[in-house]
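Going by the order they are written in, the chains are A, B, C, D and E; count residues from 1 in each one.
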Amino acid sequence: MSENNSPLVKTTQSKIPNLLGFGLAMIGIIILLFIPTMVPPYYSYLLATIFTTALLATSLNLVLGYGGLLHLHHGVFYGIGAYTVAVVMTKTTWPFAVAVILGPILAAVAALVIGWFCVRLRGLYFGMLTLALGQLVWAIVYRWNALTNGDNGIHAVPVPDFLTSINSVYYTTLLVLLLSLVILYLITKSPFGLTLLATRDNPVRSESIGINVKQHRLIAFVIAGFFAGVAGVLFVLIERSVAPSLLFWSKSAEILIMCLMGGLTVFLGPTLGAAILVLISMIVGLYTEYWLLVLGFLLLILVLFLPQGILGFVADKIQGQRQRGESSDAPN
Amino acid sequence: MLEIKDIHSYYGMSHILFGLSLNVAQGEVVALLGRNGVGKTTTLKSIMGIVPPKSGQITFRGQNITKTPTNRLVKLGICYVPDSRRIFSDLSVRENLEIAAGIRTGSWTIDKVHDLFPVLKKYENRRGGNLSGGEQQMLSIARALLGNPDLLLLDEPTEGLAPLIVRELEGQISELCSTGMSILLAEQNLKSALKLANRCYILERGQVRFEGTVEALSENEEIRTKYLLV
Amino acid sequence: GNTPTSSSGQKAVKVGIVDTYTGGASVYAKDSLDGFKLAVKEIEAKGGPKIDFVTRDDEFKPDKATSWAKELVMRDQVDFLAGTTNSAGSLAVSQYAKENKVPFIDWGGMSDKVTGADGHRYVFSTLPNTAIIGKAGAVQISKTPYKKIWFAGSDYEYGHSVINNLWSNLQTIDPGIQKMGETWWQVGETDFTPYINAIRSKKPDLLVVGTGGADMVAFMKAVKATGLVQDIPVWAHTCYDPATLRPLGDQAPIGVLGTNPYLYNYPDTEANKAFVAAFKKEYNREPAAFALYGYMAGQFLGQAIEKAGSTDKEKIIDALEGLTIDTPVGKATIRKEDHQVEIPMSYGVIGKVDGKIGAVDLHTLSADEIMPTLDDIQKARANTKK
Amino acid sequence: MDIATLLNQLLIGLSRGMIFFIVAAGLTLIFGVLRITNFAHGSLYMLGAFIAYTVSTSLGQGHYGFWLALLVAPLIVMIISLIIERGLLRFIYNRDHLTQMLLTYSLVLITGDAVKIIWGAEYKSMNIPAGLRGSISLWGTSLPVYNAFLLFIGPLVALGLWFFLAKTHLGKICRATATDREMVDILGINSTRVFALVFALGGWLAGLGGTLIAPTTAISMGMDANILIYAFLIVVIGGLGNIWGALISSIIIGVGEAIGVLFIPSVSIVLPYIIAGILLIFRPSGLLKSVW
Amino acid sequence: MLQIDQLKKSFDGYQAIANANLSVPPGEVVAVIGPNGAGKSTLFNLITGHLTADSGSIRFQDTDITKCTPYQICHCGIGRSFQLINIFSSLTVLENIQTAVLARHRLERKLFKPAKRLLREETLEVLASFGLVRFKDQLCSSLSYGDQKVLEIAIALGSKPKLLLLDEPTAGMSPDETQKIVHLIKRLSQDEGLTILLTEHDTDLVFDVAQKIMVLHQGQTIAQGLPEDIRNDKSVQNAYLGETGVC
C-alpha cells in the first residue's frame, strides 16, 4: 500500500501547448546563450552551478517522480561521478576524455549495484536501503585516504586549458544540461518512460501485462545514476575540487527538496526547484547566517499551501481550466 | 429517525451515489438490496461520514449529521459494522471489545455481548486476526453493540459465512431487532434480508429503484429479476 | 559600491570571510571572527589602514566554501579571503585563491597541507597546523617513558593529520617507540565507552588522541567515567584548553597530557593580559585560541598594509612574508618560505590548581622547536608536484 | 582477547543500544500509528539534550539537576511535539509520504537554527549526577556506572512501553489505530487525538533519549543528524512501526558496533551501514512484522 | 490448454486453496463459480503468478508455469483482468492500452523513440473494439466506473493473450453494460477463438456464456463439467446455487 502512497499523484500530459512551450524554450536558450556577455562573471558561475544542480535534480526525478521510487540517496552517484574525474586526473596519467567518460559510467555501475539490492524492496524500505548503502559508499570514500584523500577532498583537479575560463565552463555546462535534458525528456516520452509511469501507478498490473517491473526500475535507476554522474563531472569542471560532503545524505536531501519544490509531476519542475534553492541559499546567505531557518519556513509554507510544487501547481491550474472547458462533454 | 435526502457521493472523481434518498424509522429493520457494486456500502459509508456526500442531507433524529466527523456518530447513537469486518488483528478478542466499550453508555456491556456470542468469551485471548470469518463477523457486530447504538448499520453480515453460521447470526440479529434497535442492513443475500427486514430499498447504479415492504417485494417478481437477478 | 577611505587617504582593504557559522564548529568561527574584528578596530583606532569585511556561512561544506569564495571575489570584489574552520574548505578556497591570485588567510583549517604540500604564494596560515601540533606532541611524549602507543581519534582530516604527524615525528625522535594500533570513531560520536574499553583491553603504555571540538569534551567525559587514566595515560592536543575544561567542570580527568598554543592565562604576560582585557570588554568573555588566530590575522594584515604603504595585493603579500609582529603570545612571524605563522606552544597536564581544575606543569616549546623544517616543506611540495 | 573484555564490551554495547532504542521507539511509534516519517525526531532529541542542560545548570550542576532534568526536559519536548502535531502535522495527514517528510524536514531546519539562536553556537556539557559517576569493576574490567544506569533505564522504558501498549486502554487504542485508523473512528474514538497523543509520546521518548545522552557527551548542534540516521536504520531494520523490532535492532546495532570496535577499530565509521545493509539485504522487510 | 492439478495455497495457516483441479480446453469459455471467499481470485492470482502455490502444478500449453513470475506468464500468453479495478490511474486511456501493446511487442525498454506514435494503430484497434476511442485522451481516472471496468478488460486484451482470465468482469455494472460484456465475451470467444476463464457471481451470465463450469467451494474443486450437469449437481446446489437461489 505504501507504493500507492508514494510520491506521485498524476502526470501532466503536455499541458502547455507544444508550440508555445517550444517557443518559450527557444527564447530562454537564446537568452542563456548571451548571458555571459551581459553580466559579471560571477553570475555565469552561479548559472553554471544551477545548470549542474538542475541536471542532478532532473535525473533524480526520473526515479522519484516518474518511477515513484522513494530514492533517498541520489547524491552518491553525483559524488561518484565527480570523484572519478578528480581521482583519474590527479592519480593517473589517463587523458581527460577518459575521466569524463568514466565518471558517468562508474556512477551508472554503482547505481546498478545499489539498485540491484534496492529494487526488490518497496516504499520506505526501498528508501532506507538506498540510504544505508549510499552512506556506506560515503563512508568508503571518506575513509579511502590513499585514493580519495579522505575528508580533505581532492583540490586543484587539472582540466584542459580550454575549460579553465568561466565562460567556457558556462557554455559547457549549458550545452551538457540541454543535451541531457533533451535525452531525459525523450526518455520520459519514450515507451520506456511510459512503462515507467505504468509501473509507478500500478506495479501489480504492470507485471501482469508482461513488464518486468524490477528490471524496469533498475534500468531507470541506472539511467538516473548515469546522469547524476554527468552532473558530478560538470561539478568538477566548475569547482575543480571534490570533497566527501558531496556524497553525504544531507546533499541528497537537498536534491530531494529541489524536486519537491519545483514539482515532481512536471518535467522542468526539478530544474526550477534547483534554480530556486541555489538562489535562495545564495541570496539569503548574503544577509543572514540563518538562511536554513528561512529555507525551513519557505518549505513549511510550500508544503502547507503548494503541495504539488511550484510548477505542479501552475500545471494543475492550467489543466483545471482546460477541464472546466471540456466538462460539457465529459461523461456523467 | 434517520433520513437521507438526495445525496451524491464520490470516491475521488468517480460518482457513486446519484441523488439517493431513504429513511429508517424508530425500531424498524430496513434492508438495502442490490447486486454487487450498486452502492450499498457507499450509502452506509456516507451516513458514517467516511465518504461524506458532496451534496444532499442526512439527518438523524432531526439533527443534521451530513458533515459530522465519523467518531462523533457513536455518541449520537449510530454504530456501523463494515463489510470487511476490520478486526484489529494485532489485538486480542477481548481487547477488540474493550476498545469499543464505554464510548456511549447503555445496556450493552462486555458481559452481555458474551452472552449473545459465547464464542467471543471462549476465544477471549486469541488474536483477532486468527479468528475465522464467522467469528470475526460476530466480533465485529459485538464491537458495534458495545457502542450502544440506537441505529445499527450492518453491511453484509452474512457475507462469506457458512450457511449454519448464517442461520445462527440471523437468529442473533432478529434478537437485536426485538430489543427495539433500528437496523439498516445492506445485503446481497436476499433470503436472509427478507427474513430480517420490515422494509427494503433496492438500489441500482447509486439510485433507489424500488421501495416497499418485504411482502411487496416478495410479490413483485419483475423487480426481483430485474435488479436482483433471482 | 562605496569605497570608504581611511584617514591616510587609502582605499579600504576588503576581506571576504568564509567560515562555518552553523552547526557544531561554528563556535570556532565565532571566536576567530571576534578576534579579527577586535584587531581591525584596534588598527583603525591607531589611525592605521581601514579594513572592511563581509562574512559568509559555508555550513562546514567545502563546496559551499568555494562557492562563497567565488561570490566574494567575483561579485563583492574582495581583496582578501579568510576562513575557514573546515580543513577541506580551507584547501578548496586556497586552491581558488591561488588560481585567481587573491590572497587567502587561513585562520581555521589546521591541515598541514594548507601551507605545506599544497602551499603557494597566496595562502597564509595564522594558526599552528597539524604538522606543528604533531611535532610539539612528539617532543612532549619523547620526554615520557612510554614506548607502546595506541593511536585514536575522530575520523576526519584533523584527527588523522595530527596522529600521522605525531607518529612520524616520534619515529625520528625515538625509534624505540612502537605503534600498537589505531582506533577511529565517527565525528559526533556520543558514547565513547566501547572505544575506550576496547583500547584498554590492548594495554598500551599511552593513548594518543587526535580529536577536537565537541568530540573532545565527550571523549574526556568518557575517560573520566571509565577511569581510564588510572590504567593508561592519555595525550590529547588542547586537552586543557578552557573550551574543553569549562564544560567538563569538576568532571575533567586529572592527569591527561597535552599541548596547547594559547590560554587566556598563559603565557602570563602583559601583552596577553591586555589582549584578554580588550577582548573581554568587547565581547564579555575570555578569548580562546581561535580568537587569537583571528586577531593575529587582523594584526598581520593591518601591519602589512601599513608596511607596504599600499593596498595593492601583491605588495601586501610581499610585506607579509617574513613579517614579525607583537602578539599576546609574544613575537609571531609569518615564515617567508611557507607563509605559516610561527608561535610558541605550551605543554602540560590537567591537574588541580588551588582546588580548581586547570593546566599544571606548563612548559613552553619555542617556535623553532616545533615548526616543520623547510626541508620537510620542500619535500612535501615536491611530492605533490610530480 | 579475553572473555571478560568481550563480556564487558557486550554490556557496553547493550547500554549503547538502550539509547538507540529509546529514541527509535518514539520514531517507530510515530511511523506505526501516524504513518509519518518524522525527520524532526532527531531535532526533538537534540532539544531534549539542550533543555536538560538548561534545567540542570539552573540548579548549578548540582546533584539534583540531572534528576530534575530527567523529569522536566522530556516533558517540555513532549509539549513542543504536541504543539507541532496540533499546529502543523494534523493538516497533512491525508497527503502523500514525501510531502509529510518535507514538512518534518523543514522543522529540522527551523529547530537547528532556533537552537543556535537560543543556546548559542558553543557546545554545552552537563555533569553526570553524583551517584552515577565512576565505574564498577566487573571481571577485572570496568563498566561505567552511568552505562549500568542506562542498562537499567532502557528495559524500564521498554517495560513501560509494553505496559502502556498492552495493558492500558489508551495503549490498546494506539495499537488499534496503527492497524486501522478509520475503524477506530467508526468505533467512536477520535483518532486524531490518538495521533496527537502518540506524537507527544514519541516526542517524550526523543526528549528522554536526549536527556539521557546529555551527561555523557557534549551537547552540540549536529546531534540531531547523527542520531537520526541511526534511528531510521533501526526502525526500518526492526520492521516499520514495530516497537519490539526496534528493540532488537537497537541491540543488534549497539552490540554490533561495540564488538566491531574491538576487532576492526580503525573503520568503525562503516559499521552501522554495513550492519544495516546486511540485515536489509537478508530481511528486506525488517526483522519483525511491519505494520505497514 | 491450461491444466491445474492439486493446487494448494494457504495464508498464515488459512487454507484458501485446498485442492483445486481444472482443465481448460482451447477455444472454450470456462467459468469458475463459488461463494464469496471460495478462493476464486486466489486461484487466478496463482495462475498469473501473483501468488506462488504451496504445492501442485499449473501447466499452460505444456509448459510448467507454477513458479513463473507474472510478466513471464503474460509473455506465455495469459492475460487477465482484476476483480477490483486495477488500471494506470495517471495515464490516459490510450496510454493504458498502449503500455500493454508495447510490452507485448517487447518495446517497453525502447528509450529514444517517442511513444506517442508507436503502435498507435494497434492500440486504437483495441480501443475501438471496446468502444473506448472517444475517451482516448482522457485521464482514465476520470472515466465512469463501468468504462473503467471495460478498460480493465481492454488492457488485458492489449497483450493479445491466448488465454484470458476475467475476474468478475461485470461486477457493479448496469444490466445493459453487463449485456455489452456478454457480447464481448462471446465475440472474443467465437470470432477470435480466444480461450477465456472467468469467475462471476451472476449465474445467468455464467450459464449463458460458459461452455464448461468449475465449482470451487472452500478452496476445493467440488464439481467440473458442462453447465447442465453443474446445474443439476446436488453438491453444487447445496454449496452454492441453493444459497443464492430463489427465495
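As a convention for this text, a residue touches a chain if its C-beta (ideal position, glycine included) is under 8 Å from a C-beta of that chain, and two chains touch if they have at least 3 such contacts.
Please read all numbers here as calculations on a predicted model, not as lab measurements.
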The chains touching both chain B and chain D are none
Computed over C-alpha atoms, the centroid farthest from that of chain B is that of chain C
A student comparing A-E to A-C should find more C-beta pairs in contact for A-E
Max Cα-centre separation from chain D goes to chain E
Whole-Å distance, C-alpha centre of chain A to that of chain E, is 40
Separation of the C-alpha centres, chain C versus chain D, in whole Å, is 35
Taking each chain's mean CA coordinate, chain B and chain C are separated, in whole Å, by 76
Expected list for chain A, residues touching two or more other chains, is 8-9, 142-143, 292, 332
Two or more other chains are touched by the chain C residues 21-22, 155
Shared-interface residues of chain E (touching two or more other chains) are 141-144
Seen from chain D, its contact residues with chain C in the complex are 1-2, 5, 8-9, 12-13, 15-16, 19, 61, 112-113, 116, 121-125, 127-128, 133-135, 141-142, 144-147, 213, 215-218, 220-223, 225-227, 257-258, 261-262, 265-269
Note: in the complex, chain E contacts chain A through residues 48-50, 69-71, 73-75, 79-80, 82, 86-92, 95-96, 98-100, 102-104, 107-116, 118, 135, 137-139, 141-144, 147, 155-156, 158-159
Listed in rising order, chain D residues that touch chain A in their complex are 37, 88, 91-92, 95-99, 102-103, 105-110, 112-114, 116-117, 225, 229, 232-233, 236, 240, 267, 269-270, 273-274, 276-277, 280-281, 284-286, 292
Listed in rising order, the residues of chain A that touch chain E in the complex are 8-11, 13, 183, 186-187, 189-195, 197-198, 200-202, 204-213, 216, 219, 330-332
So, in the complex, the side of chain A touching chain D is made of residues 1-2, 5-9, 64, 70, 117, 120-121, 123-125, 128-129, 131-133, 135-136, 139-140, 142-143, 249-250, 253, 256-257, 260, 264, 290, 292-293, 295-300, 302-304, 307
